[in-house]
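Chain nomenclature is as follows: A, B, C and D, assigned in order of appearance, with residue numbering initiated at 1 for each chain independently.
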Amino acid sequence: MREILRVENLSKSFGKFKAVDNVSFNLRELEITVLIGPNGAGKTTLVNLVTKKLKPDQGRILFMGRDITNLNSYQITRLGIVRTFQIVNLFPTLTVYENLKVAALGSKTDNKEIEMIMSELRLDKYKDVKVMNVSFGVQKLVELAMALLLKPRLLILDEPAAGLPREDRKNLMRILKEIGEKITLLIIEHDMEFVFELAQRIMVMNRGKIIADGKPDDIINNSIVREIYLGES
Amino acid sequence: MMLKIESLNAYYSRLQALFDINLEMNKGEIIGVLGPNGAGKTTLLKSIINVEVSKTGRILFKDVEITTLPTHKIASLGIYYIPDYGGLFPGLTIIENLQLAANSKYVSIDELKEFYPPIIDLLNRKADSLSGGERKIVSIIRSIVVKPELLLLDEPTEGMAPVMVDRTIKLLKKLNEEKNMSILWIEPGAKIRKVLEIADKILILAAGRIVYVGESEKALKEIDEIKKYLFI
Amino acid sequence: MNKFLRDINIITILILSILLGLISLTGDRFYLYISSLFMIYSLYALSYNLLYGYAKLLSFGHGMFFATGAYITGLFTLRIFKDPLIGLLISIISTIPFALLIGYITLRHTKVYFAILTLALSMFVYAILIKWRDVTGGSDGLVGIPKKGVIVDISSPQLNYLFILIFFVLSSLTLYLFINSSRGLLIKALVNEERLLFTGHNVLVIRLYAFMISGVVAALSGSLYAVFMSVITPDIAYWTFSAEPLIMTLLGGSDYYLGPLLGAAIYVSLTTALARFAEYWMLFLGIAMIAIIISFRGGVLGALILVTTRLKDKRLKTSK
Amino acid sequence: MNLEAFLTQTLVGLYTGSFYWLLTLGLTLIFGVTRIVNFAHASFFVLGSYLMYTFYIYTNNFILSLSAATITTGLIGVIFEITLIRRVYKIEEMYQLLLTLGIALTLNESQKLIWGTSPKYINMPELISSGVSIGYTNISYYSIAVISIGLILFIIIHIVINKTLWGLKIRAVWRDNIMAQALKINPYLIYTTVFFIGIALAGFGGALMIILHPVGPGVGDHLIIYAFIIVVIASLGNITGAYITSLLIGVISSLATWLAPEIDIVIIYLITIIILLLRPGGLFGER
C-alpha cells in the first residue's frame, strides 16, 4: 500500500512536560489505523500537531510526499487532511444545512452532494434546525458529514464514539467501515470493542511516545500494552 | 456515613457523562474507583465538589446535603479535592501553596517532614518548577495542612515512576490511618492491583455507569472478570 | 424570485420604504428631518451589526468610517468637484482601502484588544480631524457642504429626502442579500473560528471582508449625513459616537437583520422626543443597555418575537 | 529648547501620569482578579471628583472630604459589583465590556443630572500656590505630593499582593479559581473586596485631581481612553507595567503639548498604535 502521511521526529512540550516526544510514523493509503493509549498519552496533541492546531517544537510532516510542516490549518485541510474533534465543534447558531454548506464551500463542493450526504446519514429531517437544538448523536453525524464534504484523502477522527449510546456506536461503526473503503482513516478511540472491530492497524501511545504499532492481534498480546492497560508485567 | 450519593446523573453541556450513580462511603474507608478513559471517573469527583458539571440527584456529606452548595462551602465542610494535575498554584512557591491551605502565614513544617522529608528542599521553589511526580505528591502532602475528613483523588499516581507510586500509596494509607481521612480514589484500570493493596472497596465505572462494586478480597478473586470491564 | 418576495425581512424593508416615501409627500420639514436621520442611522447601525451580530467583532471605533465617509464627501465637494452624488461615490470607493488597512492592523487582535485598538484608532482619526485645521477645519469642522451640484441638485428638502431614501432602500436590501449569500454564510460562521479554520477557510480574510463591507456602508451613511446636514464636526469621530450604533443594535436586537433598524427608530425618536425635555436622554439609553445585557440580550425585536410566538403557541393549545 | 522648561514639563507630566496611575491601578487590579475590563472606571474617577467637590462645600475640610469621597466612591462601586457585574463573571467578555459601558453611560449622565453641565472645581490657593520654583515656573508641593502618593501606593500594593496572606489569596484566585475554592477561598468575597479597593482608588484619584483641574461632563469619556491606552500598552493586568506606562504617557503627552502643541494628542495615539503593532501583547507582556 502506498504511503500517504509521513511524520518525522515530531516533538511538542508544554513547559517541562513532553506531550509528544520525538514521534515518527507513517500512514498507508486506505488502511484504517487506530491510535490508542491512556489519558495524557499525547494522542490528541499528536493530531493537533499534524493538523497544525499546535505548532511543533521540532519535526517534519509530509503529506503525499509534500512537506506541510509550515502550512496553516486551513491550507492543510484544503490539501485533504480533515479532522473531527473530541467535543462536538460546530457552528451552533447555524442550521444543519448551513453547517454542511460551510464545509462544502471549503472544498468547492456543489450543493447536490450536500443533499446526497444528508440523505445517506439520514440528516434530511434536521435540514433547517439549528445544530444547537439537535441531539448529541445528530451533532456527531453532522461532524462526520462536514468532514466528508471536505473531500478528505486522510480523515482523522478524535474519539468519534465518545458519548454515543451503544446502538449509535454500531451504526457509526458501519458507516466508518464504508468510508474506510474510499478514505484513509486515523481514529483515536478508547472503546476497545470499537477499536478491534475497525482497526486494521493499531498504534499505542504512552507518555508521548509510540510504544507499539502493528496488527490488532499482535497488540492484544503485546506485553507492554497489557501492562499499560492491565498493570500486568 | 461519610458520603452518600443518590441516583446521580451528570452532564457536560448536552452530553451525559454519568448515569444513575449510587454510592455509600463510611467514615475511614478507602474506595478505589477504576475504569477506562472517558468512563466518567473525573466527572464523579467534579460533581461532588460541584464544578463544571450540571447534575440531577442528591449528594450528602455527613448527612448534610451539598448537591448545590458552592465549591468553597463544600471544601469548608471538610472535603479536599486533588485534580489529576495536582492543583498546586503555578507561579506560587510551595510554602505559599501551603500557607493558602493553612489559611495562615505560619505553617508547621515538622509534621509534613515526617510524612515526606524531601519537602524541605522544595519549600521555596515555584510549583511549576517541580516535576509532575513531585507536584502530585506535594499536593497530597498539602492535605495534612488542609485537614479534610474526605480526600478526593484524581489519578494521584498517574505518570509516576513505580518507586514513587509505592511511596504515594504508603502515604495515602498513613493519611488514612493517622489523620483518619476517608479517601475516594480514582485510578485508570491499569492500577487495579496497586489500588487493591490499600482500598477497602473498589468500584468500576464504564461508559458512565457503575458496572462492578466489591470488597477488595472479593475483587481480588474476581479480578479476571473485572478486567473485562477495563480492557476488551 | 418568489422566495425573494416571500422573505419577511425584504417585505418589511419594502413596506417601510413605501411608508417613508409617503412621508416625503407630506413635505412636513420636521418629519422629513427625523425620517432622514432615521434612515442614515439605520444604515450606520446595520453596517455595525454586520460586525457585531454576524462577525462577532466588538468594535468601539466604527465612527471612524462614518466620519471619513462624511469628511471625504465634504472635502471633495467643497474643494475638488461640486457634486453630492460624485462626492458620495468617491468616499465609498476611497473607504475600501482605508477599511482594509484598519482591518489589517486590528483584526489580528482578539476580543478586548480588538475593541480597545479600534477605539484608539478612531481617536487617532479624531485627533487628526481636530488638529489638521487647514484641511479639516479643526473643531469647527466643514461648513456649507453643497447639495446643489453639477450633476444632481438636491437642494430642495424633498429631493434630498428621496436621495437618502434611494440609498437607504438599495443598500439595506443589498446588505441583506449579501448576508444571505454564501459569503455571508462564512461571516456568520465566524461564531466558531477554530472550526472555520478546519473547514479550509482563511478566517482572517473572512473577517477582513466583513470589516470592509461594514466600513463601506458606514462611510455611505456618513456621507449621506454630510450632504444632509451640510455641516460636519469632528464629534462624529469621537468614540462616544462609535458607541451609538452599538446601542441602537443592542436596543433593536443584534440577532436579527432588522434589529438595528428598529433600534435606530427607537433611538431617533427617543433623542428627538426626550431632547426637548432634557439633555439627559442618554441616561435612559445607559439604563436600557444595562437591562438588555443583564436580562434580555435579544433586544426589543427579540422580545416582540418571543411574545408573538408565545401567543401563537397559546392559540394552538386552545384550538386543540 | 531649555533645560528648565524641560524639567518643568517633565514634572507636570509626572503628576498627570500619577493621576493616570490612580486611574489605571484599579482598572488593572480589577482586571487581574476578575478578568473584567471596567469601561466605567473613569466615570468612577470623575464621581470621586464630584463627591470631593460636594463634601468640601459642606465640610470645608480637605482631608475629611478626601476620605469621604474615596470611601463613598468605593461603596458605590461595590453596589454595582454586587447587583450587576457579579452576574456576568461567567459569560462572554464581550457582554462584560458592554455592561460596564452601560454603567459608564448611566454614571456620566446621572452626574450631569446631579452636578449640572458647568465645570466644577475647588479653589484652594493655599494648597497649590506654595511650592518649589524652577526659574519662572512654580511646581506646587501639592503636585509633588501627588507624585509621591502615586509612588507610595505602588509600593504598598506590591507589599499587599506579594507579602500578605490576603494578597496570596488574590493571586490564588487569579491563577486557578477552582483550586482556590477547593481550598475554602470564597472568590466572590475576593472579587467584591478588589472592586472596592480598585474603585475607591479611582475615587481617591478623582478627589485629588479636582484641586488642580476643573471637572465637568466629558472628562470621564476622555480619561477612559487614556486609561485603556495605558493598560493595553502595559499589557492588561500588569501592575508594574501600568505604573511605568502611566508616568510615561503622562510625561510624553506633557512634553508633546509643549514641543508640538498642534499635534500632541496625535502623537499619543500614534505611539499606541505603533507599540501594539510591534508588541500585540503590550510592552510588559506575559505578566
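We adopt the following convention: contacts are C-beta pairs under 8 Å (C-beta built on N, C-alpha and C of every residue); 3 or more make two chains touch, one makes a residue touch a chain.
Computed from a predicted structure; not experimentally measured.
Student: Between which chains do we find the greatest number of C-beta pairs in contact?
Tutor: After tallying contacts for each pair, the winner is C-D.
Student: Name the chain whose C-alpha centroid is most distant from the C-alpha centroid of subunit B.
Tutor: Result for max centroid distance from subunit B is chain C.
Student: In whole angstrom, what separates the CA-based centres of subunit B and subunit D?
Tutor: Subunit B and subunit D have C-alpha centres separated by 44 Å.
Student: Need the CA-centroid distance for the pair subunit C / subunit D, whole Å please.
Tutor: 33
Student: Taking each chain's centre as its mean C-alpha position, how far apart are subunit A and subunit D in Å?
Tutor: Comparing mean C-alpha positions, subunit D is 50 Å from subunit A.
Student: Taking touching chains as linked, do they make an open path (line), a single closed cycle (ring), a hub with spokes (star), an all-linked set (complete), or other?
Tutor: The chain contacts form a single closed ring, each chain touching exactly two others.
Student: Could you please specify the touching residues of subunit C with respect to subunit D in the complex?
Tutor: Touch residues, subunit C against subunit D: 56, 58, 105, 108-109, 111-113, 115-117, 119-121, 123-124, 127-128, 130-131, 238-240, 243, 246, 250, 279-280, 282-283, 285-290, 292-294, 297.
Student: Using the touch definition from the top, list the residues of subunit D that touch subunit C in their complex.
Tutor: Subunit D reaches subunit C through residues 37, 84, 87-88, 93-95, 97-99, 101-110, 112-113, 117, 221, 225, 228-229, 232, 236, 262-263, 265-266, 268-270, 272-273, 276-277, 280.
Student: Using the touch rule from the top, collect the residues of subunit A that touch subunit C in their complex.
Tutor: 51, 53, 72-74, 77-78, 82-83, 85, 89-94, 98, 101-103, 105-107, 146, 150
Student: Spell out the part of subunit B that touches subunit A in their complex, as residue ranges.
Tutor: For this pair, the touching residues of subunit B are 12, 14-17, 36-38, 84, 128, 131-132, 155, 158-159, 188-194, 207, 227, 230-232.
Student: Taking the touch rule as given, give the residues of subunit B at its contact with subunit D in the complex, in rising order.
Tutor: The touching residues are 49, 51-52, 70-72, 75-76, 80-81, 83, 87, 89-92, 96, 99-101, 103-105, 146.
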